[in-house]
Amino acid sequence: MHDASARQHAERTGIWFVGARGSVATTATVGLAAIAGGQAPPTGCVTAREPFASAGLPEFADLVVGGHDISAVTMTKRAEHLVETGMIPPRLLAATHDALEQADAEVRPGYAPDHEDAVSQQQVAERLAADIASFRDRNGLARVVVVDLSSTEPPVAPLPEHDDPAALLAALADPDRAVLPASSVSAYAAVLAGAAYACFTPSAGMGLPALTALARERGVPVAGQDGKTGQTWLRTVLAPAFAARGLRVLSWSGTNLLGGGDGATLADPDAVRSKLATKTRGLTALTGSETTPLHIDNVPDLGDVKVAWDHVHVEGFLGSRITLQTTWTAHDSMLAAPLVLDLARLLALAHTAGVSGPVPELGFFFKDPWSSDVHDAAAQAVALEDWVRRTSAQAGA
Amino acid sequence: MHDASARQHAERTGIWFVGARGSVATTATVGLAAIAGGQAPPTGCVTAREPFASAGLPEFADLVVGGHDISAVTMTKRAEHLVETGMIPPRLLAATHDALEQADAEVRPGYAPDHEDAVSQQQVAERLAADIASFRDRNGLARVVVVDLSSTEPPVAPLPEHDDPAALLAALADPDRAVLPASSVSAYAAVLAGAAYACFTPSAGMGLPALTALARERGVPVAGQDGKTGQTWLRTVLAPAFAARGLRVLSWSGTNLLGGGDGATLADPDAVRSKLATKTRGLTALTGSETTPLHIDNVPDLGDVKVAWDHVHVEGFLGSRITLQTTWTAHDSMLAAPLVLDLARLLALAHTAGVSGPVPELGFFFKDPWSSDVHDAAAQAVALEDWVRRTSAQAGA
Amino acid sequence: MHDASARQHAERTGIWFVGARGSVATTATVGLAAIAGGQAPPTGCVTAREPFASAGLPEFADLVVGGHDISAVTMTKRAEHLVETGMIPPRLLAATHDALEQADAEVRPGYAPDHEDAVSQQQVAERLAADIASFRDRNGLARVVVVDLSSTEPPVAPLPEHDDPAALLAALADPDRAVLPASSVSAYAAVLAGAAYACFTPSAGMGLPALTALARERGVPVAGQDGKTGQTWLRTVLAPAFAARGLRVLSWSGTNLLGGGDGATLADPDAVRSKLATKTRGLTALTGSETTPLHIDNVPDLGDVKVAWDHVHVEGFLGSRITLQTTWTAHDSMLAAPLVLDLARLLALAHTAGVSGPVPELGFFFKDPWSSDVHDAAAQAVALEDWVRRTSAQAGA
Amino acid sequence: MHDASARQHAERTGIWFVGARGSVATTATVGLAAIAGGQAPPTGCVTAREPFASAGLPEFADLVVGGHDISAVTMTKRAEHLVETGMIPPRLLAATHDALEQADAEVRPGYAPDHEDAVSQQQVAERLAADIASFRDRNGLARVVVVDLSSTEPPVAPLPEHDDPAALLAALADPDRAVLPASSVSAYAAVLAGAAYACFTPSAGMGLPALTALARERGVPVAGQDGKTGQTWLRTVLAPAFAARGLRVLSWSGTNLLGGGDGATLADPDAVRSKLATKTRGLTALTGSETTPLHIDNVPDLGDVKVAWDHVHVEGFLGSRITLQTTWTAHDSMLAAPLVLDLARLLALAHTAGVSGPVPELGFFFKDPWSSDVHDAAAQAVALEDWVRRTSAQAGA
């Protein structure tokens, strides 16, 4: 490992959370401080194991947190709430209290479309980009990675501007138009600020072709979309295994129960459509089966715990039937938070190495990977390991 | 594909089942005839998909079945019983009746240690080898693959002869000694007959070092051990996936319920010890956890259905806990039978290509792979695909 | 038991199925014949145990089947299909073939609203009632019990006529109006024919107040509604047990997967609303919890098998949490059919004893019992036993 | 409710825990103080609902705790540990700290057979009884209820003295003999002290016929045995429901995973035999099935959480098969503690009303009820409610 004085001189990297005061960002910030401070091991972080551990990624202790949010409830308040629900251990909140306060001091007001009618989206994006740049300068950071963790938006109605960078730029300048959803304005702000970008939600974000083109053009690496944390991850582990055995999946039915803020957001039938789409796309690709009924239910008494039940019906030899049922129970934010830290570290490496545009090998982290049609979790793990070795060499790390 | 007239001239390959009148061998024989006859697709056969399908393996229609058994109940009777229990569809029994009768006509009396006191194990093995050779000659077969499907034996008490080929050969010739369990006498007979060999059970079989050495010496490819069909397969799919995510398995607890002949065999505490050992070895290797309680219960009313429940307790980010429970329900023989056909096809290729001794890349099929410490099912699938491409080229297929 | 000659003189009772050619009616008819013929025990029939067995109910051998249906596929064809799917054992179809043909010969065309525009619903009901009366006369039956097993209808829009018998009779006579759904026309026909009546579906049937009043007035006993066969039954077993322990149910979430005709019917969002309403009503009454998300998914590959998963989240001592998960797998028609035979036997007794109108003690059989707010399965069992003793005495049985 | 001044004059009742410093007793003491202090509702207490609530049982605030234990770890320390494992909420420990200290001050050294060789078991019992009497006098208690919560003992080898009170008394006086297990010495001490007694463990306790006879003779009410808290309770809810439907249970297979002290105790194959015997007795009685494989595994990482999986295989109509699987997850001590408080309140009533010897109607609380062969949980609940009404009237409450 690096010794402390060496780290004094190490480059520092910023993580800029869109949705900084939500459960996942708060949990990631607590965790980052606890790992850096030696109060917790980096369990659940992919990048803590080899070949990542020796690939020259930024150290946990060299990551600095800031972000946008439209909520006035501070990260510390949010963390206290997560302690009360039993998710975050009290001793870790005590140990990371100062780090949380520091991070929250770097939080700036996010973009709330309904309250910014008078200005163009270009102006909004410039304001957001300025926040990121100022965070970078103030903290002497080598680079910043923006990670979108904000609430799921409904699917976006397609516009011609979404496919054409020039048309998009023109429309953004028009104060009477709002051609982008909030998540995509944040993504555009990342491009303007020259920051790497990850979309951990099913919202459009950088996924619109015109924005992806801009990211490529301006040299920022991007990755998405929709974090593959629990049930979907499990499905992309199991489905290729059935295929490898020559077994035929007839149907894959599932139910998710969850409470917390995410449960409430997804109780909205519009928002849930985005989520259900990304959740079944990979499964259909892997199995060929179109019978994949899936539900997400808001069960407030479960709090941040998510319970997912899957029933897989499979045809085997001579038409015989196999059933596999899985029940998965986990604190959802505890699954997401370490992957968010992984993405920040890996995108920092990509940025250093000069990678630009979507990084297909980061598909390991996503339900609906950009620029990749690989969903098989084991194949994605191999591809990710190969990529980090290659990119690390390229970066001279 | 090959056309029919080409197949007239194609080499034919024999499958010689040790335990030919049991559920798995009978199911495999019904299935082989149904696939060859076009009454059933080869679902559940790994070798039916690419790259295996075009690797020049023997066609299903070119496989001929025979075997040893100590039971007098014919394969046809066994199949009728499996129809009654609801496992084999009536229409398939009707369609394959003649093929079953033909296969059963090639069944010869197996080795029942208690009834052969007067002769040496060498003499027994020579008798068994002669049965195999005569089957090959009578049917004009290019080669034979022996597959051991007989009932699980208790663990074997180690003897010096098990490690030393010369000492073993000397002891085998002594009519007053019985240094090998029945499964290993069958394995030795395969070597004597120059037949490839697969051990689908947890019994010792070819696994004793002295026998493995003889197989290598005499140029026969062998593979084992203990077919990885259901619960263990699932575990070796899931455990590496947790590791790839940096999650730490704390305990992996399991229960198996099954009836049928296998349930009754494994109700014997001696026999079950062999099984439990092979079932947990890979899991411990993959997870590092020693808390892996496992039970196998004889539940006669379940018949050939096996129900396996697993409870996996995992540590995630910041000490949070994740639980995954899996419930697997399948007809056990329906899982095993297609893999048995795969092994016969793949070992025939290995034999053609001049491979001798244990084939580690066939570890995909086994709970406790010989000459390999890879248990990760996805990694095994990749290795198997690479091997078949290489070996196919080598065989000039 | 009664000897054969005594039975020659025993009263015979008719069962008239609305939906006679569906899975449940066909299964019930096969089962009735198999039980009467000694080819199967009456497992699953409540009335086969004490105190019912000695309460003087009509013997299985004294029940005669007929019914209405709008399908042209005969009961025999339907039964052959159910054999193919693995639900009905082949030997039982062989043993009951003649009985099925006989029953199907008693099937008359049902009421298909779209095809009978020209006549009044009064005329339709009279035609249906005449079919029932003619069945009774032709077979020398002492009485007939009508059991509605037809496909679930969407919820009915309320009309003033549904609450007022006189207004209803007037509206029925008007050929330009169709104030009743098909299920209620069938119920009215039962009243006209003086037949007892059970509603095994969530459709309106006799449940409209005006029809219930007519049933009471004309002296026919009726029972409903929506057979409590699997998941709902299980819930009404478990929920009172939690209450007896002072434990507080926070949420009860469930999913049903099923194929077959029922799966297809319930894939219609209108029809499923009726079903979901009756399924959650009792649960809410028993637990006080309003968090009861429930889904029914059409999974065609499951055929007639129904899989129901429930997740119960419970508060215990000092705010601690308990979870109970249940997974129920059964052939749905095999659960319903014996209860249908039970209802026919019990309503025949009620009719003999002069009971008229809704019988609350038959609530044991229903998701949404008429004239009763008892949902607790154990309490319902006790009430049913008391009732059969009382009514049996009253009937002089 | 009673007002505070009335309670000043109310009789106070003692609860004397054998095993006072274990998890269950500590949890019960925390809970008692929290309920009495209004910091927690009495969720999970059967006696908090009607008809118990108005049956004149001692108020929670009028119960005083003391007990025996062989451990030197105080109740406060134990409670702190239970807070750390996440079972007891921190705020409740803070609120009940003084009550715990007070209770622990009433704990006296229990009977540790290996350390008391020189004295007779009569002398030991007298010492224990004197502790109870002194607790009663010191606190001005109207009566004391002893509740055995100590670790499960291995099954006891039968002796003639266990059946004959006179012979037992003679043997107890002999310093060279130790005819009773520790749990039975504690039970005998309760009789000597004139205290009511409940056996919440599978150990022999008061269950030996000679001790039961003494209890009856000396006028103390007793109840046992082995608290029916989780899996077994669930089984006795479900099994009678299957029977009421005429369905036939073929096999009922189960597994328990648990950590904590109880997990470690039951990892001892001798101790677990006692437990497995009481756990399957009721099930066999209720179902008639002898196929009831059951396991208890020590999984230390689960802590006080217990996970129980059951697989029920049932025969339905026409030989069709039904499977029900249940997965139960709960903090074991949180299930037991409220029932322990219930038993103390109910046995105090029984004592007041002059009931002596085993109370069969308290069978609701036990896996293996004394003087009763009723296991059906719903029937037990009805019997318990009837009993409390009767006994309350008898006690003039």
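Think of it as A, B, C and D in the order they're written, each chain with its own count starting at 1.
Note that a contact is a pair of C-beta atoms (placed from the backbone, for glycine too) under 8 Å apart; a residue touches a chain by one contact, two chains touch by 3 or more.
Going by UniProt, the chains are A, B, C, D = Myo-inositol-1-phosphate synthase.
Because the structure is predicted, anything quoted here is derived from the model rather than measured.
Visitor: Just to confirm, which listed pair, A-C, A-D or B-C, duplicates the contacts seen in B-D for more than half of them?
Guide: A-C
Visitor: Is the contact between copies chain A and chain C built from the same residues on both sides or from different ones, judged by whether over half of the numbers are shared?
Guide: same
Visitor: What's the distance between the Cα centroids of chain A and chain C, rounded to whole Å?
Guide: It comes to 51 Å between the two C-alpha centres.
Visitor: If you average the Cα atoms of chain A and of chain B to get two centres, how far apart are those centres in Å?
Guide: The answer is 44 Å.
Visitor: Two or more other chains touching the same residue: where does that happen in chain B?
Guide: Counting only residues that touch two or more other chains, chain B contributes 323, 325, 327.
Visitor: Over in the complex, which chain D residues touch chain C? Could you list them?
Guide: 27, 30-31, 34, 40, 42-49, 87-89, 92, 233-234, 237-238, 240-241, 243-248, 315-331, 334-335, 337-338, 376-379, 381-382
Visitor: What residues of chain C sit close enough to touch chain A in their complex?
Guide: Touch residues, chain C against chain A: 250-251, 253, 255, 257, 291, 293, 295, 297-302, 307, 309, 311, 313, 323, 325, 327.
Visitor: Please output the residues of chain A touching chain D within their complex, sorted ascending.
Guide: 86, 90, 327
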